[in-house]
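These are the structures, in structure tokens.
Here chain A shows up in two complexes: once beside chain B, once beside chain C.
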Partner chain A sequence: MTLTPDKPKAKARKLSMKERYSALTRDLDWDPSYVPADEMFPYTTFEGIKIHDWSKWEDPFRLTVDAYTKYQAEKDRRLYAVLDGFAQSQGHLSLTDASYLNAMKLFLQGVSPLEYQAHRNFAYLSRHLNGPGPRFASLCQSLDEIRHAQTEIHTLSNYNKYYSGFHSYLHMHDRVWYLSVPKSFFDDALSAGPFEFLIAIGFSFEYLLTNLLFVPFMSGASFNGDLPTMTFGFSAQSDESRHMTLGLEAIKFLLEQDPDNVPIVQHWIDKWFWRGYRVTALVAQMLDYMLPRKVMSWKEAFELYFEQQMLGGLFQDLAYYGIKPPRDVGKAIQEKEHLSHQAYWILYQFSHAAAFTTSVPSDETLDWLEEQYPDTFPTYRALWDKEKKNVANGGRHFVRGLPQLCQVCQIPMGFTEADSPFTICQRSVVFEGERYNFCSDGCQNIFEHEPVKFRQAWLPVHQIYQGNCGGADLGDVMQWYGMQPGDGGEYLGSPDHQNWLRWHAQADHSELGED
Partner chain B sequence: MTTDTGIDTGIDTGIDTGFNKVIERPEIRSIGAYDFPSRSAQELYGDDQLVHVWYDGNPWFVAAACFRAPKAMSFGDFWAALLVPYHEEDPDWLASWTPADFEWGLDDAPWTPDEGASLASLGVGHKSVIRMVKK
Partner chain C sequence: MSVDAASRPVGVDIQESEQNRAVIEAIEATNADATVNHMPGMVRVTAPGRLVVSREAVEERLGREWETHEFQLAIISYFGHIKEWDDDEIVIAWDH
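Here is the complex of A and B:
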């Protein structure tokens, strides 16, 4: 017996993209009848944010699943073609210098794991936000972020065949002292409510600070011959513009829904500007010190991307809602002449416990820094002169012990006072009988709002002293960190440096001609 | 301070920066009971405590040091066993220096450490900041 299928009746009209989007989001949404809405969405009230009408959320990108996957697959194909070509042609030998990869070690250890965490939290939002529009936008971002994590890992894995410091980034991310800075930043957001997360990551990270946090690594790649990372950056760019739009829509939506939301959002902007800005210390030193070929100075980047674009543009618009620029923005502006120098000086003297290397900047770099920072760099240069003498005498400045950490940002407390920019800033408060130390008013202010949260901070130095990091001496801790000999310390003479010299001495460059 | 774009960026953010300021527990917004202990409470270090030493005016050390030291340790022993081995890495440090070569502060107040007295009896608490300035 054969079953004859019904003859298709009139051919169904193909829906337009807009109609399909509407079918996917609005038409698949329903009002719960078996349970009350607050049982179905239990996490969207406790933060004090009031939402009256979720349908007011505008969806600037009306993507559908098929359009999304088709577009991303094309981008991935292009990226993987570049990765294959680069690997086959030994492209790593055409980087500006092996020391450039210190920036990428920091990226893989510090940033790629955050992409994965972003994927997780956006997946949570795609279930737990009440509105179908923001749920679908979160789903798309969740997929973007796991693709970012995967493609970054694939992109950088090629370097792991030839260079140190790339091998145990996930293990390190959860344990190593400088990686606790980005990790604790993101853990803070993950353990907040959905609206705070939207302001922390959707708005502050993806919109306010993205050009200071993410983009500089990609520009550094393009200036230093790292074609794979640059291609990854391009492939992420179109996602990032969606993420920026989501962040901006989130803040506008919250501000428009109820005037009571304004002070809550203002505090989150104050908090997450400062949290994110402190993480940019790692980027600032990368731009000014780690890149063999410079893109722009931290100060220039800060002025262009933050002062002009954000303070001059975005915050003028947000003033309409009664939102003021972040509380501690004045300190960040004052610090633009100091941040990178202080951050690199931290990493330089603790790099024996890191999975990247550091070195005294070349004279060319010192001169460039002095041009970029004529008012402040001469003071920092005097330190490098002292260290050069120290090195000539057989020394190398590695600190013989552990530094004081800020309870909030977890960075060794090397930042200084606004009115006395070469004096360390020391702040502390006492909460329920215990003293806590901070690097700045910004970090102190964050603690004062959430002391019960921040007193649980896993501070690497304190954990080492409690015996939770493999043992009492440095070797034990390094082993527990997953470090191998040659991962950290001084660049000159390191395995990466020696290999680089050997490969280039061996290589036949006759096809490149003279010059 | 005002930027080119006319935005007031006053650095005085109005926070009370008193070093020993005691803060109250603010209201907590959470999905359930939220009360967890400090991950660095003094009890976690037995008879020891964490002590910070800030060599103010010497940028060689980018941040203050953090030591774990017995509360009963004398200041003289603290100087010889912890403070000097850390700081003598500075090429300008002289082996002849003694505590008398420095001015001292403790948690933002002037302080005169007696070498024979214990850290605890000198008022050094868990996560206190000892400040030293070369005379």
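Here is the complex of A and C:
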């Protein structure tokens, strides 16, 4: 008898990626025998989508749980090394300006909570989709999304030690008027069925619009000295390419499974393009106005990431299935030279009720904007010239009333007609005796398709008037929003601005000598 | 205007880093038509119709073993469709 184990004759052949994927993902699936399949998966029929063969779902990443955890751990290790270095070296002092952080306040309040909601819904899909391929891809995405929420919160928490506006983002996300724009967008997707969610978030958000949403934030961070944000952004985006693939596979799979799915998917593309596009108005103004050092204009980003890549590339691919570009895409193209100016003008006038600050753009910024938008900006510049006079006379402009909101996107009604860009666009529909208002044809169309859903919208202005937001005057509402003095208003003279000047004036340059 | 799948551009955005330089150089060498653009913090590589990341070409430049899964640490975004991702190569192209 010997205790020596048999020597393997030859080194065991490593499974190929395809074989590993098949063994670890597909082979672990089984057909239920105690309950019928439709009882085990009760949510994948009511939307009218027909699936005949779940095994046709492709996952080009061929990700398995071992590879997933290995690379995700490495991504986190790299990120946390950067976070530590930045915090230890007082990196926040090397930002271009404290006002840069307004973009990050908006990100933390508006976007990070959506990552958590995405985590929840992908966890739901990882239980409720019938096929093992999409279930596993959803599980990975669910874990990614909670990693994003956590790393974003962690990264930006360092700024909360020194700057205003970062403290109560979750509380604010559920209550504040401008945050109801991203929140209501995501709630709309969460309260839809699993397939609509896949097209809404997986496809429209992650594939169509993700580059417009994230890459400008991350390149902006890179240009403005915000190393940690750039790092978490790129770390998150590396997962994003997997999410884009899930979204693209989802749409191709649905379109290939049954021709009856095509019109349903087309409607979702029309709806979710417009929903997502309206949310990007916040990104548009961030790119053109909030970054002290500019990366690219909204118009340039829109042309590159949307017109060239999506309309010029993707939609030609989808035409094969009979899919057309989103219905209101022409309006978005017409608006590209106006959107950011109109969005920032709104935020400028209402920032006394926000947890970020705004200011009249510097002359340098105004010149840059005029170079970027030679046809349209002169008109907006006239507004800023007028406002500069107001400021010089001690009358910095804040709107004292409450704006009318669009019933669907919840943005104040400040956008203009596509063919008459200086006339405010206003649409309305009477449904069961009540009048509902919209900022655009796109939002009106969405309402008309689902009036019973959208009439329940929690509109911040209506809620204030109904007495549901802490009280009748601005101070009451601000308190209910969880805001503190100094969070919002004018940037010049704000606590962030004053601290910034103080910290930089205090720097010791004595080694340079008296002269 | 419709352009066929073989000539419509596809592309990938890669984080700019020491390690990824080898990956970018490998893509340039593998794809004769590739165009490389530097943007803040990242590099964008585009090519008409098809873009291939080859394990062999990366390993040659990196001087060590490299599995294609590692590309997940480099990629920020892409446009096109991931047609193939196996042990030896990653292919991005349009389907139709």
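Convention: the second predicted complex is superposed on the first by the 488 of 515 C-alpha atoms of A that agree within 3 Å, B and C clash if a C-alpha of one lies under 4 Å from a C-alpha of the other, contacts with A are read in each partner's own complex, and residues count from 1 in each chain.
Everything below uses one rule, namely that contacts are C-beta pairs under 8 Å (C-beta built on N, C-alpha and C of every residue); 3 or more make two chains touch, one makes a residue touch a chain.
All figures in this text were calculated on a predicted structure; none of them were measured in a lab.
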Touching partner for A:Glu240 - first (chain B), second (chain C), both, neither: second
Which superposed partner A:Pro32 touches (first chain B, second chain C, both, neither): neither
First (chain B), second (chain C), both or neither touched by A:Lys75: second
First (chain B), second (chain C), both or neither touched by A:Pro374: neither
Of chain C and chain B, partner touching more chain A residues: B
Chain B versus chain C as contact partner of A:Gln316, first or second or both or neither: both
Overlapping contact positions on chain A, where the chain C interface meets the chain B interface: 308, 312, 316
Residues of chain A that touch chain C when the two form their complex: 16-18, 60-63, 67, 70-71, 74-75, 78, 210-211, 214-215, 218-219, 222-223, 230, 234, 237-238, 240-242, 244-245, 248, 252, 295, 308-310, 312-314, 316-317, 319-320
Residue ranges of chain A in contact with chain B within the complex: 42-43, 46-48, 193, 307-308, 311-312, 315-316, 325, 327-331, 333-334, 342, 345-346, 349, 383, 386, 389-390, 393, 395, 397-405, 412-414, 418-419, 422-424, 426-432, 434-437, 441-442, 444-445, 448-453, 455-459, 461-463, 465-466
Complex interface listing, chain B residues touching chain A: 1, 3-5, 7-11, 13, 15, 17, 19-23, 25-26, 28-31, 34-42, 44-45, 50, 52, 54, 56-57, 59-68, 85-86, 89, 91-92, 107-108, 125-129, 131
Chain A contact footprint on chain C (complex, rising order): 2-3, 5, 8-11, 13, 15, 39-42, 68-70, 72-87, 94-96
